[in-house]
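Naming follows writing order (A, B, C and D), and every chain is counted from residue 1.
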């Protein structure tokens, strides 16, 4: 950590700060320039709160040299984290394809989709039971019953299932769920993250709509700090000024995150674009950018989907797309 | 609601849709143009999900004429909502000034601030007990003890208190809290909003960092739909590309929200700018824009604040600022 | 075009507007609902200024059914525009690869790069002669001499050249330049666009840092409206809140633009990311998204580049990357 | 300037860099930490290009301690710049109010507005002659004739005039124009800025729609570096995700810019919001934030304005607003 002091800082305040830093086992290496004095802080500064230093009158700015996350950092854990779910490994050489409807609607619907995407080669089944909706008057998901229907689809097809949690008290319902999803709106629901950190189950952590890479990794760190290191990151688009698409898919997140962290990263081009006609091209681009997997909304009849029909591709379209994605992964 | 159909829509699908709309007690008034056909939907369309219509193959676009919120809407509730807390009315002619530290730190600290801001004319005391922090390694607030300290300050000064809730299970601790705050990161924590909708206590709802005005009002609607109509909106800055300030304070939210809703709106220039030296000017601008109140971080010793010291003004600065704010409100 | 009138509109104003529209050869098809009246405007509305209608007291909102661009629109020109430059066709099946340094620096440098990228299979040589720099104190490009050096490189290697124009008065210098580039900062320099519309030479139009797809196409329309229909669109990243990368590359622009327009679209992952280590992955992703080409900054010694060294890959890296890009195009 | 070197930097490259810096009359003060080595650069580093240093393999990051602008910087020019135009001083205690139509339309229109705003106390008349429009098919302004009409209004009312330039070749027409405006889209039209730097006339520099404070000041620096130090900064809103307003007015720019620079700063709430009904509140907020002036679109008949009617207030509304603005300035 590097502190840059203001011009002519108060000497007494400087001494006090040095003393306090000493108590944190951090020593100061001082460089006095003509205009500014710079302090290099030597020692383990991970417990030092940069914001508190910045608030000091004598301090002009603070520069962290280390990432503020530790468990998620590639520096301290060079090898890729690989997460085994069902018969697929997320984070390795294989491409993991998660497919299924936005919402679980009926027994017939979910079984039909599950059977179809399994045949087309999907590795994991998705489906929303608890749905975060902007309006209190919109369909809020089948809730508990939705989870039961997913469990039936899992039993019938053998596909592992992933579904979103919205609240700590729902956790007991997730016993047979293979991957617990945290939605974009809850990326900084810290109470929920801590609770999930105490589970023994992979967590799929979606990026918040306006989260920086660092904030996203800090949210992964919240889970990991409690002991659960099975975190899968999922890019799903950020909010920008563009209104033609629902979000702006940020594929650069893929190579960046692969540098910063050892955790697997997948992409959701369905939410990322909000338009079914853009999903195939952007799914291919996701694979080419190096993503460990993709998550795609698939519906047997997108026109009549109870939510997000606009961004769902049909089971037929998925049957054509998946071999392309797998083929591209092979080519890479 | 207006539907614009695609060119040459499938006639059978059109008939089906008309029939379905009929069952919802909505009738279709059709205009056939050379290029497009337009349907005006007559009747109560508030239960019709625009997204589901948009997913239909025959539909090109859907335009809602009514706001998607009802209880929060100015149209259906012309008079300003006034919320009485202690000796101040939020939403009327008075300017409501909320002041206090970012975090409750010690008994001495909170009593000192409370006493000082009361003397300077503040109406309500703020102070964080549960702190949402980006890093799991940062100070997370004094939690339960923080609330007890706030209660002591309330008893000693007579000031009502406002503090942030992060999780439903914390609710029992908020019994003596006068206003429950929902932070920006939880603006779309729908499970929490629904729960607060069942309380009999004002809720201060901060705008999410990337929330549109409409989404913000929909979150207020989540609370109101459950029965609690005492919602105070608080603008606290949005995230943009600018990095000099912590956020970009959007004061236009004030006159806009006053048109769209009858709920009171206040401004937090401390989070909105992230810099103490900008707070006085922006607090004045907030009042001039028509805000019903401001919320300001005040600390007896900002340099040594445990969180957000950079954006806290001192008790002395607040003592100078508050009469200016009140004077400006008078002048207006 | 559809007009939605305000409740209880002034009848006289309605009559006046209908009369005025009639003079523009536009007829009104009226639908009177319980709450609102809707006018469908029939006829050629392309000359009607939607903003002026919106300002009328009787009008609540205006919805254009047609895109505001005509010559650039896919609707009115279904076939892909193909632009032949040297031995490559931009906009067809081939992948067009443009490579070269950010700035032309010296004769030795540009000849070396040109020779090297030609050997590696690049189709066109890029190099900045006039450099738009944020600071007046930064290197502003070799200007006229830079263009002469590019011409030498063209002569020696046979590669066509593309370079940026900043001002109308520079045009005479561009006689031997094969493609004239308009930079992101000049995307709405309308005087310049009009002038380029009168040239008989392809124009490479970079997307502005905060331009919507529609605004970008309107800028293409400025050029095309004057007669020059050889416009190549280049996605180069937009500005968001993320600071890790220089910009946020928006690859969804590729499939979107291919739907909206018949013009070719290429991607610049160098500016789009600002980091050389991200360029190969994002160049591959660009190709997978369906781009007609990529533009890549290549320098013989990126560490000592006079500008943008951070985002330039070396000639050796390009030699490895280009066959991958071409291979991926083949695979697609 | 501070350089932070990568771990284990190449010694030879370090020596070379030190030597090169020495030649620039900059000396290196080195601090060797356990993990990183830091170089403080002593001497005048204003000519050192930080980007070029950042591209070096041995350098991890570069931190400028000084602002990259000099002539615009408050540090090197403590006193406020005051610009005298007609009978008003921009940048001092007075509030400068600029009013007039978006576009000059007819002789009758401009004379009527000019007369009216003069009577209401406006200091300067605005009016667009060259109009930057997104569409090539929209009204492009009355151009040369527009300037002549402005000159007539100036003669008749005595009000100084401000109008926008779009292209260097238009300069001769601006001889009798008192303040030359550079629009948001041209904020980084560096060729134009340089040319205006050679004029002896105040320049009103609008902020680009996505420009940071620093970039904006660098554009002012382009003008000042050529000798013209009469630059007036004008905040006019930035582009965000919000669509209710045309732009998001960033009033925090006012106190920030007043710290960073000695140049005057004014606010344009008309473009900043895009809605006439929001203009009065936001104009008052602008004055309260400390702005040296405001620029307001006023039209005798906003409904029939040829451009931007939606955001223009009527002459009657302006007659009521201006005394409020002046009164608030007095109160402050």
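One rule holds in what follows: a contact is a pair of C-beta atoms (placed from the backbone, for glycine too) under 8 Å apart; a residue touches a chain by one contact, two chains touch by 3 or more.
Fair warning: this is a prediction, and the values are worked out from it, not measured in the lab.
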{"item": "Common touching chains of subunit C and subunit B", "value": "A, D"}
{"item": "Chain whose mean Cα position lies farthest from subunit A", "value": "D"}
{"item": "Whole-Å gap between the CA centroids of subunit A and subunit D", "value": "39"}
{"item": "Separation of mean Cα positions, subunit B and subunit A [Å, integer]", "value": "26"}
{"item": "Whole-Å gap between the CA centroids of subunit B and subunit D", "value": "32"}
{"item": "Overlap residues in subunit A, where contacts from two or more other chains coincide", "value": "210, 239-241, 243"}
{"item": "Residue ranges of subunit D in contact with subunit A within the complex", "value": "2, 4, 29, 31, 33-36, 38, 40, 42, 61, 63, 65, 239-241, 243"}
{"item": "In the complex, subunit B residues that touch subunit A", "value": "46-47, 49, 51-52, 54-57, 68-69, 132-139, 166-169, 185-186, 188-192, 194, 209-210, 215, 218, 221-222, 225, 239, 302-310, 312"}
{"item": "Residues of subunit A defined as touching subunit C within the complex", "value": "210, 212-214, 238, 240-245, 248-252, 254-256, 259, 272-273, 277-278, 281-282, 284-290, 327-328, 331-332"}
